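Handing you a structure now.
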Amino acid sequence: MIPRYARPEMTAIWSPETKFRIWFEIEAHACDALADLGVVPREAARTIWEKGGAATFDVERIDEIERTTKHDVIAFLTHLAEIVGPDARFVHQGMTSSDVLDTCFNVQLTRAADLLLADIDALLAALERRAFEHRDTVTIGRSHGIHAEPTTFGVKLAQAHAEFQRCRARLVAAREDVATCAISGAVGTFANIDPRVEEHVAEAMGLKPEPVSTQVVPRDRHAMFFATLGVVASSMERLAVEIRHLQRTEVLEVEEYFSPGQKGSSAMPHKRNPVLTENLTGLARMVRSYAMPAMENVALWHERDISHSSVERMIGPDATVTLDFALARLAGVVDKLVVYPNTMRANLEKLSGLVHSQRVLLALTQAGVSREDAYGLVQRNAMKVWEEGADFLIELIADPDVTAVLDEETLREKFDLGYHTKHVDRIFERVFGRAA
Amino acid sequence: MIPRYARPEMTAIWSPETKFRIWFEIEAHACDALADLGVVPREAARTIWEKGGAATFDVERIDEIERTTKHDVIAFLTHLAEIVGPDARFVHQGMTSSDVLDTCFNVQLTRAADLLLADIDALLAALERRAFEHRDTVTIGRSHGIHAEPTTFGVKLAQAHAEFQRCRARLVAAREDVATCAISGAVGTFANIDPRVEEHVAEAMGLKPEPVSTQVVPRDRHAMFFATLGVVASSMERLAVEIRHLQRTEVLEVEEYFSPGQKGSSAMPHKRNPVLTENLTGLARMVRSYAMPAMENVALWHERDISHSSVERMIGPDATVTLDFALARLAGVVDKLVVYPNTMRANLEKLSGLVHSQRVLLALTQAGVSREDAYGLVQRNAMKVWEEGADFLIELIADPDVTAVLDEETLREKFDLGYHTKHVDRIFERVFGRAA
Amino acid sequence: MIPRYARPEMTAIWSPETKFRIWFEIEAHACDALADLGVVPREAARTIWEKGGAATFDVERIDEIERTTKHDVIAFLTHLAEIVGPDARFVHQGMTSSDVLDTCFNVQLTRAADLLLADIDALLAALERRAFEHRDTVTIGRSHGIHAEPTTFGVKLAQAHAEFQRCRARLVAAREDVATCAISGAVGTFANIDPRVEEHVAEAMGLKPEPVSTQVVPRDRHAMFFATLGVVASSMERLAVEIRHLQRTEVLEVEEYFSPGQKGSSAMPHKRNPVLTENLTGLARMVRSYAMPAMENVALWHERDISHSSVERMIGPDATVTLDFALARLAGVVDKLVVYPNTMRANLEKLSGLVHSQRVLLALTQAGVSREDAYGLVQRNAMKVWEEGADFLIELIADPDVTAVLDEETLREKFDLGYHTKHVDRIFERVFGRAA
Amino acid sequence: MIPRYARPEMTAIWSPETKFRIWFEIEAHACDALADLGVVPREAARTIWEKGGAATFDVERIDEIERTTKHDVIAFLTHLAEIVGPDARFVHQGMTSSDVLDTCFNVQLTRAADLLLADIDALLAALERRAFEHRDTVTIGRSHGIHAEPTTFGVKLAQAHAEFQRCRARLVAAREDVATCAISGAVGTFANIDPRVEEHVAEAMGLKPEPVSTQVVPRDRHAMFFATLGVVASSMERLAVEIRHLQRTEVLEVEEYFSPGQKGSSAMPHKRNPVLTENLTGLARMVRSYAMPAMENVALWHERDISHSSVERMIGPDATVTLDFALARLAGVVDKLVVYPNTMRANLEKLSGLVHSQRVLLALTQAGVSREDAYGLVQRNAMKVWEEGADFLIELIADPDVTAVLDEETLREKFDLGYHTKHVDRIFERVFGRAA
């Protein structure tokens, strides 16, 4: 996570201030539950909320204490005692640091997931708007980078929309996976803390109780979370790469919006480069890479070790802040993408009709020619177009073996673009639930 | 995937025979749908089923044809034509290779997922049985590899059970993610094939239609599938590592079952090594690694390129066969695990009562000592045990600062193991829905 | 590793037959050394060579024994005893399985490295030949996929050549890293086997003695080896991606050789797809992915555990066989690549002179215009070309602010292609040690 | 990279101030070379050095300019012009941004490598000192976590020393790999800048000229660099894991130094946890993970795209700062490691002599017993020790089948520890070049 690729709202989730506030809330809610159970005085719980709720935790002071204790939660509790006074001895009763740390981390991750979901919603909205705008903008479909058959630019965007709908559903599941609270004490037996405390804090913090923790929340949950971000990043890369391809000089069917004053190159002033989507391609590599240490974190030793902690201090912010920035950037790129329908049409016509070859092939077989013979007929005419720049329709009309089975009018009909777009409505219905 | 780590049922899913059979079924179902639509003669569809259904596809012959055509689906169709005769020209009408290949791959992956789900069910059954067997087998919980507080061996297994329940749910979702059928023709526009063909084939093959494909099924689905396998593998590694730790000479609380005739070492005949769980640790690394190329596969160029294909030819079998083998091996390890409750108890007592330190700490604070003072009192007695081998209870009783607030009887009570296991029923209820 | 992407020579390195032959050689050389030291009878060592050297090891028989012993080296030694007779008791004296397994694995890896080096040499030869062939074939250089300034196709290939020279050097270092022999007995102390045995076997097998092993060869060596293969694969991907780009319909400056009879698409007979380089892109993802489990293998427990073994049984062949296949395929692609200099020229001229903008910019500043003003002058004319399809030179000549400082002749001179290729000789000198 | 795991010297390499200073030096050296070639006035070059050399670049001002231009190098050059005045127009002549950015990045990486080499040297020194201190401290060697045969703690550390010697050599090679300078202008043809400028700047900055760049330094160099860091991190993890194992309660042969005032647990005051090495284990996962995006960066499009940039802005600091911190921490852990030779001896004796089983096995075979029979004799006595807690030597003496071939004195001799340490000197000679 670096400021260059960070937005304030997501960054704030990972600030020390936010973290200490969440720690406080977990401790204070636990005190409430302990008061309900008669373990701590009701008055003490109230005092903790009042004094702690009003206080601004002093990050520098906590850091200073940690330099002695070498333990962050103890440092925080010591500072809290400075604020709350004698009643502070009722804080953290029967709990371990992990109860606080892990529950807090899950609160942060679920809040991060909420921002990411909002990012995806914005992206989906941009995709939907642009998809309908270009529902009927005919363009060439390409397989292997080679012209294949016509499609529409709207269908391309519809595909992306469907993909990010899936990403959204996966992110909802990933959020659910980490939305647990563990307040179970040392090695997770609840020996020193009643399970009802966990249930109370969970509800208060918008989480579910962890069915069985071992002092820590099991890390398969987080592995799944970060792996899911990696998949979302990969989908983001796909759309970014598509735009990069479409912007290249020889294709130039779309361009990233180029703001006045922006300079493409310190040397070549004519250049307008797809730098945003190139940037997104790199960011996708980063977000993807965090999945691996998250998976390696799962196999903690026995009831817990702390090897996961340094990883999570890094990938927690790194993965979520970077993906948030990237998704927002991608939504912006889609929203303002400059589209050139005329170039799309010109590119489409570049192969002098070859893109209709399959239709001719089918027509031949349907007229009774064997598949192998039809394939040969089409290919020999196609090769003339390919190698000599001839026009495919004219070649076919001039080939007596072809016209022996298909007359000119039938042949001409095979070159109709409408043939390729006739099911676009159906595809839009499937993706957006509406065709127009 | 290597035979050493492969089981026949999963391996069979990836055999050429299975693949060609699925290809045939896709093509034949498509013919049925085309016959319904009046595009191909009903009789031809019937002939295709009859002749193709009865035939055994000749893998060598198909390979031979492919050496010329350099195209596997064309090679198969050519061979199918040899079997079916002239009606073969109605096969594959309006379809592309990807329609067959991708739908087949998804059929294979869903079948693989079904086997993996069965593996997890077997593992869950073994874990549940052993968990209840050792529900009350007291053992020391360890954090950082250091004795912490008592728990039970059953709780350890309950934790694993809860983790594999989550793995199961994730695998169900991953299966769902790849259970789609795409029969949409070149660049996915349905120009040459009616969407109803896709709907028919999907239903016949137990899949759902892909809402919008671009000739290929979008690869974010597969990225999610293989990433999920990586997470499952990581959970597997966690349990394997736990067993390896518990079997080490100084701990020896459990042992993998050691069959008669088995030799642990060519040099040291007394050795019984946790080789199965070490093996599982390595296999987890492999399954995890396949997530990365699967994610890199997502960003195909334009409507499709074929870079994903070589990856999937490898990780399709590699990931599923290896994980299937590993899960089955893990279920066997759990099922036959030799457990030594007496050693667990002996290890637990090794620290001369130090594991009860937190209870004493809490009792002191509840008796009015400040948290900091209580911590100091406990620590100075704990350090004597740690450094001089003293007995913790005896030291506490001899410490007048302690007995000033807690009498001997109260102190003794703090060393009761039952205190730590009192919520085991509650944990079992949460995990298994029953406590006994 | 799958047969589709495997070549016989590399595959043979990983066959059971090869493995058992190497095991035998290690054991027999060790017997020689032990005979030198007077530990075993000279005659026995001779018998072992004679009988074992003449024998074909029966893989099925060894597998059968292993099913009982569950230990592969013991199974082999048992089978060897069946062949050698009573003198077999002198085999494996003071050794452990790892001495055999690890030394064998390193022999296999160094042999594999030798094949990979030969592959790279073939690739370098093809690159060099084609680079000189196209040393002066002018083509447009592209940054961000956007036309930048002219270069030559030979320079592109020279870049690839320099990159694979580096890959070669890295591979030599990686080979060196794994070219060690460990015969140090249990936990590596040489307690039961004299270090001179290790030195003898090392030399006989073309290896160096491992300075300090712990029963196993330390796995950082192998991590480095497989990480290096990952880097080589990434370089391979770069060249493959370049070719894919150059073959796309709108660019079409090169094409993979398309053999007669080959079919590009089952549906579209005109298609000639860059399927080989797409395939290589996927294979690069695979080879790269194996670096991760190899790195995770380093942290074995204490003197050794066996978690690395399952990983290496898979990635040993998977990584080397796949990379060997891929490098050979890439050499073939380069060797037979169809190059279209005319299209290169046509594409270069597509931007109507804009690619010379930087020269004009420089000329303006050298004529005394401030950088900012010069930039503005160039950009306003460039934008006319970009947006209205004008010709850059004509626009400049018509711009009085430009001609105020640069006359027409000077401007024309800035559009000379030779300007861009004047240092090609120098680059070739640097890369190939010769310019022609 | 987060402050918690960062040291100031390495962090400073990646500060904006350092970056702009390096940019300036590259530009100013280039001006010198251009002055030598008569392209720019000597006086201008001198002015640039004088004014720029004296200036402190204003990071905020540069950021402000970048917000308009969206181009960092242009922003810097604009700011430089503010400082230098009219002569600034001679700066950056014929160069592109990448010439500056890539050369700067390589300067930063080589400086980072120098710090990492110093870290490794400190670690090597600590390992060497402790290795000689414990050269003869006998301890049990463990394979699979199971007691195997005796070794010394010094040998364990010698192994680590040899491993980090290799890491050092790899790091030197990796540094060499990125120590190049590219000043080759647009698409790397030197069209606008003489190759002698590159040669001059390279030498001035302590680098070598890049033989053929394509505007950017080829990224295989950086992939190799970061992959190497990943391997070093994995070696670091190995030593960290070893210490974690040795500190666990049941083993407790070493402990991380525990400073006065440090608290192990908020709940259990007796705990002293190996938190530093657990932390290192997590950091190793992070450093390793950065290898993957670095490898994905290699396949830039055509002469260059900018997707690598966002990756490198993150992993440049992340990987080097984290590894620097971790290596320094590891050196500290080794330096201050508390070692318990008595516990090592006590653990060694735990198996009642079983660790000598192989010696007995060998003695039996050397006395003429077949390997299979000898194995059976040893195993049946070993099993009694294992299962009934008997003493291995006493059992052997009581077994008439054993004493039939080996008398009691011979048997006793096989239990001598000196037998296992007799080659320690040899191993130390190999690793340190000296035995004492």
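For clarity, chains are labelled A, B, C and D in written order, and residue numbers in each chain start from 1.
One rule holds for everything that comes next: contacts are C-beta pairs under 8 Å (C-beta built on N, C-alpha and C of every residue); 3 or more make two chains touch, one makes a residue touch a chain.
For each chain, UniProt lists the protein as follows: A, B, C, D = Adenylosuccinate lyase.
Since we're looking at a predicted model, the values are computed, not measured.
> Comparing the two chain pairs, does B-D have more C-beta contacts than B-C, or is it the other way round?
B-C
> Counting only Cα atoms for the centres, state how far chain B (Adenylosuccinate lyase) is from chain D (Adenylosuccinate lyase) in Å.
32
> Taking each chain's centre as the mean position of its Cα atoms, how many Å separate chain C (Adenylosuccinate lyase) from chain D (Adenylosuccinate lyase)?
24
> For chain B (Adenylosuccinate lyase), write out the residues touching at least two other chains, lowest number first.
77, 142-145, 148-149, 186, 192, 244-245, 263-265, 267-268, 273, 275, 278, 281, 288, 292, 296, 301, 305-306, 358
> Touch graph across the chains, line, ring, star, complete or other?
complete
> Name, in rising order, each residue of chain A (Adenylosuccinate lyase) that touches chain C (Adenylosuccinate lyase) in their complex.
Within the complex, chain A (Adenylosuccinate lyase) contacts chain C (Adenylosuccinate lyase) at residues 142-149, 244-245, 247-251, 263-265, 267-275, 278, 292, 296, 347, 350-351, 354-355, 357-358, 361, 375, 378-379, 382-383, 385-386.
> Inside the complex, what are the residues of chain A (Adenylosuccinate lyase) that reach chain B (Adenylosuccinate lyase)?
Spelled out, the residues of chain A (Adenylosuccinate lyase) in touch with chain B (Adenylosuccinate lyase) are 77, 81, 86, 88-89, 93-94, 141-145, 148-151, 155-156, 158-159, 162-163, 166-167, 170, 173, 177, 186-192, 195, 209, 211-215, 218, 220-221, 223-224, 227-228, 230-231, 233-235, 237-238, 240-242, 245, 281, 284, 288, 291-292, 295-296, 298-306, 358-359, 362, 365, 370-371, 419-424, 426-427, 430-431.
> For a test of understanding, state which residues of chain D (Adenylosuccinate lyase) touch chain A (Adenylosuccinate lyase) in their complex under the given definition.
1-2, 4-5, 68-71, 73-74, 77, 92, 95-97, 185-186, 192, 244, 259, 261-268, 273, 275, 278-279, 281-283, 285-286, 288-290, 292-293, 296-297, 301, 305-311, 313-315, 318, 322
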